[in-house]
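Listed below are the structures to be examined.
In the two assemblies presented below, chain A is common to both, partnered first by chain B and then by chain C.
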Partner chain A sequence: MSQKNELTHDAPKLTLVDRIDIIKNHRLFPVIFPLSMLVVIFLIFIVLTGGRFADTRVLTGVFNQSLIVATMATAVAFIYSTGNIDISVGNVMGLAACLGALAYQVTQSMTVMIVVTMAVGIVLMMFNCVLGLVFNVKSAMVAIVAMSVYGAITSVLVGAEPIGVDFKACKVLEGNFRYIAFVLYFVVCLLAFSRTAIGRKLRFIGGNENCAEQTGINRKKAIATSYIFAGIGVGLAGVFQVLRTGNVAQTIGSGMGMDVMLATVLGGMSIFGGAKSNTFAGFVGAVTVTVLNTGLLMIGVPSTLIQGFRGVFFLILVFLNSERQKTLPSRQQF
Partner chain B sequence: MGNVLSKDRLLGIVKTVAVPAVVWILMELICRTQAGTSVVANSADVRTFFRNMVSTVAFALAISTNLNCGRMDLSLGAQMYVGTIFGGNIALALNLGGVGVLVLAMLIGGLCGLICGIVFVNLRILPMVLGLGMTLLFECICFSINNQQGVILYGKPGVEILSNSTFIIFVVIALVAVAALLFKYSRFGYRYRAIQGSQKLASDAGINIFSNCVFCYLFGGILVACAGVFTTMYSGSLAPVLGMSSNGYVFRNMFPMVLGAWIGSFSHNAQFGVAMGAICVNLLTLAMSKLGLPLNVQNVLVYSLFLLFIIYNTNKRKFAYNRAKRARIALAKQTKAARQPA
Partner chain C sequence: MKKLLTILLSLMIVIGLAACNNSGSTPSGEGDVSGKSYKIGVVEVMLNDESVIRSKYFKEYIGPKYNVEFMFSEACTDLDSVMKFIENAAVSGCDAILNYYAVGANSEQLALLCQEKGMILVENGGRNAANEEAYKNYTDTYAGGFMADQPDTGRLFREYLEANLDPTVEHNFIVGTGGAYQGNAQQTEISINMLTALQDVYGLKYDKTIQELIESSSPIEATNDKGIAIYCYPGHATAEGWLPGLSAALQTGTYDYVLMSGNVIGNIGTVISEAEAVLNKDITVVGFGSFGDALSNAMHTLDQFGNPTVSMSTVKFTTLVSAMGFAKAYNALTGHNEVNIDTDGAAFTHLFRMNAVTSAAELDEMGSWDKDNDSWVADYSVVDSFLAEKTPGLTAQQFQENIYAVNYESIKARMQ
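Right after this comes the complex of A and B.
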């Protein structure tokens, strides 16, 4: 007993930094930390707005506003988990929605619109995937090119006047259909990512590509699967976008890729992928961004300053959520 | 030996210059046959070409400064806005003229880069992620000052020099020369290349990787502000943006940067290559404007070419290997046929 006491006495004491590092390295930390931050922000806004923030209408508004970004962020989590980056999802969604709306104008059928939008989303994401897998082009570079090309094609197709879709039909589908579709997609993604071999393979590839391949994982097949999942989500977001606005404008989806990336990182996902990846980071991040925007507006912060607050908050949260390296983080993306 | 080296060097320089020359000849032929006009037909074309070129060269150099070390700085576009809007307005208020606008913008751009660099080495979060956060901040700062008016250079006295072709050429040469001196022939450049090779080894060898990184960010900020001044001069004004729209400038200048890196590999001078890459891309866009193509179609064509170029650049070793393999098989077949008795 006394020998044990001596041993523990001689052992180096853990400093506060060491203790923080131990907590940060816990496998559940990337999940719990963003979620608890969201709860804290939410509670702060409830207090600051005298309870108005907890109003059902405000909460429904927050959910509706974050739905499109949340769907896409959930989708790209599959791609990010492998260490690949795709910031073209906004423009993919835009082009998919545009072609879906055009299909509606020809057929006057909402079903056709939904099918076309989803199909185009999958095809375009697969095109990005093929460029990466067959021609070995880095995913970030593919995304930059795809963003511009898809954005330009959407502008040419839409023209000066937005493409309209029957607003009444959109309103009918907007409510329950959106919620059910999102929840279904979210649950499928969650299960596929955390409870099946698909997610395990993707995380393994993100952690160490060579090691994953040497254990018999087909890298190309796994990455293609991640793009298919992402394509479904992006197509679904396109459908939500059309249902929400009832038309497709020239600028649809532009800049949304960045919002998705912001939400994903804010939700606790590393853009380098790996073992700590998860699919609900995007949803948490998207809701956090919307909660911040709405809350700050409600407490009277000028709308021009909100983005700045969001930036500061984003940097602080990401810093707290990431591991501080001894050297500088870098990666050859190109 | 010395002769061989100088011959190689000369050949490299010739190849580097030949790429934009080939692009120009091609574009000239297409324009003459399709539109009945030259790519650069009048003095307005010359001015447009030079103004676009200086912006592209400065921006592409700024991107390459950090990207070559594996840091993708997405906040460069926002730094450009802050530098140009703050610097431009202060210089106009003090009646400092065009050169004053340029110098002040570059100073404030450099300050933004410095802030970004210091934040990066202290927080050590991923460069792309840091870029997003800093973009949000810088855009907000731009939007909140001067009643969201940005900066207007159109019709302001003393800024005409920024449209002067001779001045623009001088600026381009100065930028490329300073960048080449810094990254190729200075102690900073030596350390930069060591870090490019391996950050860990460089650090172990006693190189201060943090100060080197901060300086890269600082230099990037100076360059983008310079690009911003000439972009503003071309369009007359620069209005602030929100929602990370400023990132568009970073993506737009990736093609000249990547193309420039390839061209620069011939003469082992990336900075000179970036200038040549900028000339190529600007000749291409100018030619497409002459052909009367709408902006969206131009974008599709330019980015499709970019994609084809990346595919080639990524797979060139594979292509060379396949070519060599085909040649080897052909030679083997030939030898076999020759050895077979008639």
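Right after this comes the complex of A and C.
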């Protein structure tokens, strides 16, 4: 007994940095930390607004405003988990919504609009995937080209005036349809990613694609699957966008690829994929951004300062949450 | 240690936010309007001289006097961001929205959104076929629009070009059509009048119609039977690639006149100077502007040929326009919505007239106005003349007459 005590006594003491590293390396840390931060921000705003921030109207608003980016971020998690990056999702969503709105103008049918938007979302994401896999071009490069091409096509199709969709018809679907569709998609993604071979294969590929292939995983097939899941989500986001605004303007979706990436990182997921990837990080991140925007406005921070506050906060959050590799990155992105 | 530092920084931000909350611009109640206080959300589309003046005018001058608090948006670049701000303004306790984002066909949608949130909506824009429903069916919460008298603004540009362009001397032009392709009424009128003036001065005939030229969302050469190079260049200075595109066009050396329908004078000065220096060529700029440092610098800065960077600009008095929007919202909030209703029962669009400035001296005279609380063009006497609460029996038409009464001569007399 005394010998054991002596051994423990002689063991090197853990420094604060070591202890923090142990906590950060815990498998649940990427889940708990962003959620905790979200809860803390939320509570701070409740206090600063005298409880008004907990009002149902505010919560509904936060959810509605987060929905589009959250859906896309959930979708793109499948691609990010494999170590691939696609920042063209905003433009894919824009072009899908544009064609969906045009289909509505021709048929005056919301069903057709939804089907066309979803189909275009899937087809365009698959097109990105095929370009990457068949021509062996890195996904990031494909995405950069796709952004310009899809953005230009959208611009030409939309023309001078935004394409209108009867917003009264949109309002009928805006509420329950959006919520049900999102929850269904989110749950399916969650289960597929964490409880099936699909998610395991994608995470494995993201960790080390050579090892994954040597264990018999068909890399191309798995990545194609990830783009199909992403395409469904991006198409769905396009439908949500049309339902929310009732129109499609030239600028639709531009810059949204970066918003999705920001949401993913704020939600605690590495955009370089791997074993710790998950599908709910984007949702948490998107809600965090919206909570900040709404909360800062409600407590009276001038709009000119909000961007600065947001930037500083994101920087701190990412700094606390990110892993800094002690070795060179093992994966070439370009 | 670094982690502790970040936590400390976070705490500092939180404390800072709390401080901001307490140091807001809530009116202190020192105004002469007793009773209820109001909060108005302002949707901004760009952060420039105009928005800075507007913010100062509203917060420091209008707010305390009329018991109104103002909340400003970040620069809203699309309908979704406008809707988000309106939703956030509603939960922040706003009673009305002053919208500077041109929504075209979506007025009804925003009117409905504001109606659902129990807010008054006033828009910087006018009645047209696309937003007829909003003007007719939402008059209880939709207080209509306010905008420049666009044909009058276009006329100022046309008259200047017709008076200053010598038809015997050939020039080549870049015509910045701005947001005309998106339906921006002001930039549409100015672009049409600029192209019409060139047509009249040189007696040329375009291969395409002027409407087709200004509706193009991509740059287009306005080819014509006289062979004069006229390059229609759409878009906004804030758009990615717009300035480099303009610079590239100038660097070809073809163009020596830049006619801009949008408020871009503050953005294009550098590329104009660069082109002049590289090409050793005088480039004349005519454009829409607003009082502030950007226009002042442009008028006072002489290029290497001894000419001001901008030769002519139309200007508006920001506080006059702001006061119009505020008055419409305030009249509706104080139960005098009849001042916002036209004779046909639809919401009324109130108009203001622009002024042309062609020299630094002229600008200096007008530019000394609208600077601070002692020089606002729309002072309390002007604002009161727009408010039914202060001017009993005010009608929409009289409100309009009172706006037109605030012109260069009347302001000059008052300022002296």
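Please note the rule applied: the second predicted complex is superposed on the first by the 325 of 334 C-alpha atoms of A that agree within 3 Å, B and C clash if a C-alpha of one lies under 4 Å from a C-alpha of the other, contacts with A are read in each partner's own complex, and residues count from 1 in each chain.
As a convention for this text, contacts are C-beta pairs under 8 Å (C-beta built on N, C-alpha and C of every residue); 3 or more make two chains touch, one makes a residue touch a chain.
As the structure is a computational prediction, the values presented were derived from the model and not from experiment.
When both complexes are superposed on chain A, chain B and chain C clash.
Contact with chain C, but none with chain B, is seen for A:G61 once the two complexes are overlaid on the shared chain.
Once the two complexes are laid over each other on the shared chain, residue contacts for A:T245 go to chain C alone; chain B is not touched. Once the two complexes are laid over each other on the shared chain, residue contacts for A:Q307 go to chain B and to chain C alike. In the superposed model, A:S109 makes contact with neither chain B nor chain C. When the two structures are aligned on the shared chain, A:T215 is found in touch with neither chain B nor chain C.
Using the contact criterion defined above for the overlaid structures, shared-chain residue A:F319 touches chain B and also reaches chain C. In the superposition on chain A, A:S155 makes contact with both chain B and chain C.
Chain C is struck by only one stretch of chain B after the chain A overlay, and of the options 94-102, 148-156 or 184-192 that stretch is 148-156.
For the contact definition in use here, the residues of chain A common to its chain B contact set and its chain C contact set are 155-156, 304-307, 312, 319. Chain A makes touch with chain B in their complex at residues 85, 131, 135-138, 140-142, 144-145, 147-149, 151-153, 155-156, 255, 258-259, 261-262, 265, 270-272, 304-308, 310-312, 314-315, 318-319, 322, 324-325, 327-334.
Note for the complex: chain A touches chain C at residues 16, 20, 44, 48, 52, 55, 57-58, 61, 64-65, 68, 155-156, 159-162, 164, 167, 171, 241, 244-247, 249-252, 293-294, 296-307, 309, 312-313, 316, 319-320. On the chain B side of its complex with chain A, the touching residues are 67, 69-72, 119-121, 123-130, 132-137, 139-141, 143-144, 148, 199-200, 203, 209-210, 213, 242-245, 247, 251-252, 254, 258, 294, 296-297, 299-300, 303-304, 306-307, 310-311, 314-315.
Those residues of chain C that touch chain A in the shared complex are 1, 3, 6, 9-10, 13-14, 17-18, 20-21, 24, 44, 47, 71-74, 77-80, 83-85, 87-92, 104-106, 108-109, 112, 181-183, 215, 217-218.
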